[in-house]
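Shared between the two complexes below is subunit A, which pairs with subunit B and subunit C, respectively.
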Partner chain A sequence: MTPAISCAGLTRRYRDHTALDDINVAISGGTITGLLGRNGAGKTTLLRIMAGQEFPTAGSVRVLGAPPAENEAVLRRLVFVREDQAYPDLKVGQALRAASWFYPNWDRALASALLDDFGLRAHKAVKKLSRGQRSALGITIGLAARAEVTLFDEPYAGLDAVARQVFYDRLLADFAEFPRTVLLSTHLIDEAAAMFEGVIVLDRGRVVLDAAADDLRGAATRVSGPCLAVEALAAGRPVWERRRLGSQASIVMVGPLSADDREQARSSGLDLTPLSLQQIVVQASTGVLAPADEASSETERTSA
Partner chain B sequence: MNTWVKVARYNLMMSANYLVLPLILPFSFAVGAVTVGRSGHNAAGYLLSFVIYFAMLGMQTIGRSLPFGLTLGASRRSFYFGTALLGMALALVSGLVLTALQAIERATDGWGLSMRFFRVPYLLNGPWYATWLTSVVGLFALFVYGMWYGIGYNRWGLLGTLAFIAVQALVVVAGVVVVHFEHWHVWSAAGGSFAGLTALGLTGVIAALAVLLLVGGHATIRRATV
Partner chain C sequence: MPELAGLDEGTPLFVQVADRLAREIADGGLAEGERVPSTNELAAFYRINPATAAKGVNVLADDGLLEKRRGIGMFVATGARQRLLARRRAEFTQRYVDPLLSEAARLGIDTDELFTLIKEAGHEREGASL
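Right, the complex of A and B next:
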């Protein structure tokens, strides 16, 4: 099946740095994928290129089977909600009305329901909105557009926890009714982790992890306890991190745990804690997983 | 609805920008009427404020509306030509208004003050259709010219805009030098001069210029990023 979004050898160089370096990813249609990474990792640049707002230096991107840049057949089926969206002198209601003209699947009822949820007033000028309210406006446009490809770049900057939950709930509810391809860039990984079917982690412009979220859950475990027992359990397995304090050790071990492993850990007094997605992303961003091929083969091993 | 029309309507949502247009005319007319005795009976220079505002409008459409316009899924090309379409519509309506006011000025012998405000010597001083055509073409050219500045600023920032102005100044200076050079050899021999160009002929030149500006602006916006 043709992926909804695919990048091949995508590179974006600016004068003094390389924002994206040979990105190769394929995102299946009808999935929610997390685009994760540190500040400056290249997430926004990648999304801007996917939305046709920026041009690659080399390589190509295809959205719904065609290059998005200047291609209205693609652009009207794609919505991009960005954190730093600049708005002209419009009122909230006007911004939504303009969006309704451009997006063929626009849902007016959903837009007004979201305005109510977020406590946004239609007659308020966009320039007078707080940061969180501007984020809420972006989310409203992104969800009500019901575009086949929906790109969110840090959509909830400045939003409180309740409003973020509204976003997750609304996204999942609408996604269930009208499946689409969602790519969500966020720093609040554990909050959003449950929604992700796939995860792409960028670091310094390179893909350091591209895997199914299910494969990552339980893919790595922190093992803490007496040094000898820790080493005995970890023998022959890949280890991402080792810490030692006196006779105690703590390691991050990659691979599934069998019943025997758990029994061995229990009898040796070892503490086992599965790494959360956020912790795995942190590991990936610190370079233990690079290059990406190795990471995906590791996750394949763990899921096997 | 055609995407160009959507873009034009989207731009019109920033209504405050466009409501200034009908306000400029009475204001500059009032200034012209008050000072008409002192500055002779020709106050047509004040009309310039209205004309220049067209360039500013063109510039604003890019700086303010482009980023969200692209986010709404318009291509750069549609945004550009949709905005130019709006510029053309504004120029057509403004041209009609100027033509009507010129007719009134003629009928009332310069508003009872022997004032020339809408009868710009040489340029807007012919039959109504010539006035309409010349003003529409001129206003549209300025709007597109302003858009080009906005796009240049979007792509290259302040330094780029200054370089853009410098290049234009060089082109004008080079043009003047060439014309003078030609004047010595060919120009006078052909009996040609700008004075020989009728207002309608000049309108044709401006129309050609507007097309060039339109092409230049489009070439510049094609690689604009937001």
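Right, the complex of A and C next:
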């Protein structure tokens, strides 16, 4: 299947730094993908290029089979909701009406249901909205557009936990009914993780992880207990992190555990805790994520 | 992960969805011949990606524990409960007896003492339920 979004050798340089460095990703249609990484990792630049709002310095991006920039046929099938989106001097209802003219799949009923959910009033001026209400308006447009490609860049500045849950629930429900390609950048990994089928992690402009979310859960395990037993179990395997306190050690071991491993852990009194997706992403974006065959260098980072 | 309706973040979510359904079938909460929740219902309940929910359901379907009726949905297959209970029985030693023995060994509790402890705990339970 042709991916809904693909980037090949995508690079974006500014005068004094490289925001994106040789990005190669392919996002399948009909999936929700999390775009994760620290501030300044390049998430917004990548989304802006995918949305046709910025040009790459080198390489290419294709959305729904074509370059998005200045391509109305693609842009009408794509919605991009930015953090702190600016709006012209309009009322909420007018902003929604303008969006409804642009997006062919616009769903009015969904838009008004979302306004109710978020407590937004149609006659209110957009510039009088609070930051959270402006985010709610962006989310409303992003979901009601039902665009084949839906890009959310940290869409919930100023939204409280309840409103964010409304967003997640509405997104999942509408996605289930009208599948589309969703790319969501977020810092709130724990909250959003369960929605993702795939995750892409950027760090300093490069892709450091591109995987199915469920393949990552349990892909690394924290092993803690008596030092000798910990080292015996970890012998010959990639390790991300080593910590020691007296005779106790705690390490993060990469790779699936066999039944024998578990038995060995149990009989030597070791605790096994699988790493969550969030913890794995943190490892990935602090640069510790190494392919299995480079794991031997890990010992150098060991802190006693 | 407080919003996950009880799923944890360290195990693939589709595995957990499959486990939950299997447990419900084994415990009789989902009877044989009954329709299991749809992928979208599961996704909304657990607040997970519908594709993940579908993958969980398919684990049980591939195992023959669920059967698809075209256009209606997935149903608990005949004999599913017995099969799941037999499997749980087979896993009982590994999941409960082995760890019990390991911990007992660490504490220096020998087999006789262990028998006594189990019997006493059993009596207390029976007494409590009377």
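Assorted remarks:
The rule is short, and it goes like this: the second predicted complex is superposed on the first by the 289 of 304 C-alpha atoms of A that agree within 3 Å, B and C clash if a C-alpha of one lies under 4 Å from a C-alpha of the other, contacts with A are read in each partner's own complex, and residues count from 1 in each chain.
Keep this in mind: a residue touches a chain if its C-beta (ideal position, glycine included) is under 8 Å from a C-beta of that chain, and two chains touch if they have at least 3 such contacts.
A quick note: this is a predicted structure, and the numbers were derived from the prediction, not measured.
Partners subunit B and subunit C, once the complexes are superposed on subunit A, both fit on it without clashing. By the touch criterion defined above, A:Asp160 reaches neither subunit B nor subunit C.
In the superposition on chain A, contact of A:Asp271 is made with neither subunit B nor subunit C. Rounded to the nearest 10, the angle made at the CA centre of subunit A by the CA centres of subunit B and subunit C in the overlaid structures is 150 degrees.
Within the superposed three-chain model, A:Gln53 lies in touch with subunit B and out of touch with subunit C [touch as defined at top].
Of the two partner chains, subunit B is the only one touched by A:Trp101; subunit C is not. With both structures placed on the common chain, the touch criterion links A:Glu177 to subunit C but leaves subunit B unconnected.
When the two complexes are overlaid on their common chain A, residue A:Glu72 makes contact with subunit B while staying clear of subunit C. The superposed arrangement places subunit B and subunit C with a least CA-CA distance of 27 Å. Contacts from subunit A toward subunit B in the complex involve residues 48, 51-55, 70-72, 75-76, 78-80, 82, 85-90, 94-95, 97-99, 101-103. Across the complex, subunit A meets subunit C through its residues 31-32, 165, 168-169, 172-173, 175-177, 190-191, 193-197, 213-215, 217-218, 263, 266-267, 269, 273-278. Per the touch definition, subunit B reaches subunit A in the complex via residues 1, 3, 6, 9-10, 13-14, 16-17, 64-65, 67-68, 70-78, 222-223, 225-226.
On the subunit C side of its complex with subunit A, the touching residues are 1, 3-4, 7-15, 39-40, 43-44, 46-52, 55, 98-99, 102, 106.
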